[in-house]
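As structure tokens, the structure follows; a few thoughts come after it.
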Amino acid sequence: MAIRETSVRHEELGLDEDDLRRMHYHMLLARRVDERSWILNRQGKAAFVISCQGQEGAQVGAAYNLRPGYDYLYPYYRDSGMTMLLGQTPRDQLLSLLGKKDDPNSGGRQMPGHYSGREQNIVTVSAPVGVQYPQAAGTALAFKMRGEDGVVLVCGGEASTSGGDWHEAMNFAGIHDLPVVFFVENNVYAISVPVKFQVAGSIARRAEGYGFPGHEVDGNDVLATYEVAREAFERARAGEGPTLIEAKTYRMTAHSSDDDDRRYREREEIEEWRQKDPIVRFEKYLLDNGVLDEAERDEISERIKAEVAEASEYAENAPFADPEDVLAGVYAEG
Amino acid sequence: MATKNLLQAIHEGLVEEMRADESVMVLGEDVGRAGGVFRVTQDLQEEFGAMRVMDTPLAESLIVGSAIGLSVNGMRPVAEIQFADFIAPAFDQIVNEAAKFYYRSNGAWSCPITIRAPYGVVPGGALYHSQSVEAWFCNTPGLKVVAPTYPADAKAMLKSSIRDPNPVLFLEHKRTYRLIKEEVPEDDYEVPLGEARVHREGTDITVVAYGLMLYTALEVAGKLSDEQDIETEVVEPRTLYPLDKETILDSAKKTGKTLVISEANLTGSYAGEISSLIAEEAFEWLDGPVMRLGAPDVPAAAFARPMMEYFLPSAERIEEAMLELARY
Amino acid sequence: MAKPVTMPQLGESVTEGTITRWLKSEGDEVEIDEPLAEVDTDKVNAELPSPVAGKIEKFLVSEGATVDVGTEIVLVAVDGDAADAPPQENVAADAPTEEFPASGTEAQPVADREGQGVDGSRGEGNGSGGISDAETLRQTRSSPVVRRLADEHGVEIAEIPGSGTGGRVTRKDIEGYVEGLEEDGAQREEQAPQEAPEPERVPLYEGDSIQDLTGIRRAIANRMASSKREAPHAWTMVEVDMSELAALREREKAAFVEREGMKLTYLPFIVKAVVESLKDNPVLNSVWDGDRIILRKRINIGVAVDLEDALIVPVIPDADELNITGLTRRIDDLITRARAGELGTEDFAGGTFTVNNPGSLGSVISTPIINYPQAAILSAEAIVKRPVVLNDAIAIRSMMNLEVSFDHRVLDGGAALRFLNAVKERLEAYGPEGRIG
């Protein structure tokens, strides 16, 4: 890539410097909140952590196209970059991590990562993998039935494309040209199972079988992801139907705090991918293009550090819901 | 008032609801163009269009999953599973998703879907067009399971189910689609979910039943009254889950002798839960053991007629059980 | 004050961890979140970030040690504090070991019991006590609502004609019966004492516990009370020298076990002696019938069997037709089935005389209550070696007391003693050449 091209790269995408700063901020924020979560776990305060580390570029790049409160997001459990972009705060993330009463996702009923937000149209996340796809297709269908230009962004790891639900949803979306963007974050491992034992052929090319476009993209390049996703969103808004995006990225941590990834992968592989870290790469782009200077970058870093520390203390001191609360809210009234 | 069979009543309920609320829609296999394999959704696509009455691919998980997704974006879908025997692929979406949306999101997302499915033994149905599946689902907080037998009840309860903000599994006994007819009111009337119905009053024994078994039990009750002076009180739960415990217990206490009939395989059938309830909470009023009747524990009705009839609890077997209990 | 740092729970089901390496030394300063140690669990291996800032005072756990989650592992003097905290004992969060309650029943000390745990015999699922078949329970206990109505109206289930299965009293039966009573205004003689709807209660004190009556306890209570009320009890006793019989038993018992597969006890000998003595003294084998006495032809001996909290009396019909071996077999069978709860109504029917054996539990004198409406009951007591006078010299003999309680309306002391002496003679007649018949 020639310097001349990259220097207007974001402009060509219709992004201004504020956009870029926002993207950077959310990628770094997601990373720091995540790191804090691991520390809380290793200190015995948080029972379970499931990470976004390494995938922040893919998440922010894709989700940046959402119109919060209008479009719908079906995230999966790693997508803290997306949910915070849409408005969840570090406090929210850590309240959820610790299962406290004011956890916005579930009031402490669900494990961390099971996002939910009515105002942001983040649909409640489940544990069985892949169930979100038919649901997302249905949500997209509703937009189409009402002639609206809403879009549904539905996400999952590469393993979520192995189950029947993904295929049933892809098929259905293809039949009815539904305004849904299937965003697959291929992070190479499903717990310990590497992609070569998970995926036959190519995920991106499967879309062709279902009658709509599929794209592979470097998921660790936030701008590249943004570009591909923007096209997909525009297609959907115009009533042209679904798109499949396979963002190639890498899971930098173990699957969760209950997983020891030394049993199945080499440190060298992780280090190789660390060289392609999306945040480092984007910071370089920002510095190179004069969007940020070093002093600003450090200031942002400090600011985020303070925000996360405050959020952590807040969440650690927040109360749990009353035990009897477990009995409430089984059925909706009215 | 006009006489309608169960099929017509359900159809009418659907039509009226779709006319009253344009967010109500129907989706499932063959429901649109063909009007449904039992004709329950006949003519609906003509009136409401191919989006509101949608023929889906053959994919039960998708049918229920997309219904869930539709319901979080302003629609009120009535999904059809063509035969209850085929509901298994949708089990995850029903039990792990629809039933838990509201609770797990701490009230943020509700899931107002209705899932209709025909169940029950018919001649020729064999293993995969005859099953009773309600027991699988009646252990799922967040879900409601209803199985009204009579047309007037079914029409009103379908409307209640559609209006309910919670997911409702609406079971229809396919044998009774045309078999049972009754007067159905023309004007608006309501039958809320969660209420049982006493079809027949009596003082000697209580029979709790639903579906074809209810219909048969009522016939036998008439016979026993005429021929043997045995007065049977017949109670239909109508909503299986959550159960109207009060009505059932009142009857059990009144007669002291209860027989619970379910067409499902006896072991693990929902009759067990109802019996347990009575044995525990009506114990001091009991004048006889709480009895159950069901199909033998074999994988469903056979295709060959003689075997099918042996499998299905017959009027004779029901009468025998009722007599034994009455005479205890 | 130094703050302790505890072993965290690294992983949802983890209960312990191993410090593989301390990353700091005692005396070092440590910052918040700075790695303190490498920790190894069966799920994950991780560095432990310090939750406090300060100076490391003392490691409480050495490298390589495995400790439970929650155990204190290091003391850190938090910034600004003096370092002088006494090291604390590790508080291990062990699950308490479960102590199983001492199981097993006490061994029966007596020879003529086939000792086995009594506890499970009521487990046939049919209520309490040893008698437990559905038919009996239907007769005696009917159903919850019938029992309640019987209680409320103070009537006995046993006396109401039943139209239900197997003659069971149904709710309708008892309702009709009660209605009938009320309509006639008739006073019926009740067998059982009338219980006032609110019986007089004794005062309760702290520590007292209430034991509700089981069905069988109530039945026994009623029977005993009515027996004592109806029959004027008299009682007399003789002493029996069982030495020769004891010797015979010693000689024969090994061979007997091998041949018959059962233990040879004293009870069949006693029953045999009783049976033959009843033939000579038929008035003991009889029944009071209001204004006459019925002398029973058949000799059906009831054998009292002690279950843990109840006494039952199954019957050996025509006991006079059996020899020692036959009697042994019968008694053994009754006791076994009694313990297993397998006795049926037919096993209790038709008794004409009862033999009681409190001696097997160590009794040397007892005054049994007649098994009404029989005329008498015999008790055989423990066989005890005693010094007695024999031929004007002191001898050590195996002595057993034998008593009879009898209905004084039916017979007098003379008849009772004639009978007792007949039994005594027969038991003392076994000599060195004696055989088991």
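By letter and in written order, the chains are A, B and C; residue numbering begins at 1 in each of them.
Everything below uses one rule, namely that a contact is a pair of C-beta atoms (placed from the backbone, for glycine too) under 8 Å apart; a residue touches a chain by one contact, two chains touch by 3 or more.
Bear in mind that the values here come from a model prediction, so they are computed numbers and not experimental data.
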{"item": "Central chain (distance from its CA mean to the mean of all protein CA atoms)", "value": "B"}
{"item": "Chain pair bearing the highest count of C-beta contacts", "value": "A-B"}
{"item": "Whole-Å gap between the CA centroids of chain A and chain C", "value": "68"}
{"item": "Gap in Å, rounded to a whole number, between the CA centres of chain B and chain A", "value": "42"}
{"item": "Centroid spacing, where centroids are CA-atom means, of chain B and chain C in whole angstrom", "value": "50"}
{"item": "In chain C, residues with contacts to at least two other chains", "value": "none"}
{"item": "Partner chain A, residues of chain C touching it in the complex", "value": "6-12, 33, 43-49, 51, 69"}
{"item": "Touch list for chain C against partner chain B, complex", "value": "143-146, 148, 164-165, 168, 170-171"}
{"item": "Chain B residues within the chain C interface of the complex", "value": "256, 283-288, 327-328"}
{"item": "For the chain B and chain A complex, residues of the former touching the latter", "value": "25, 51-52, 56-57, 59, 61-62, 64-75, 77, 89, 92-93, 96-97, 100-110, 112, 141-142, 144, 165-166"}
{"item": "Chain C contact footprint on chain A (complex, rising order)", "value": "39, 41-45, 47-48, 254, 257-260, 262"}
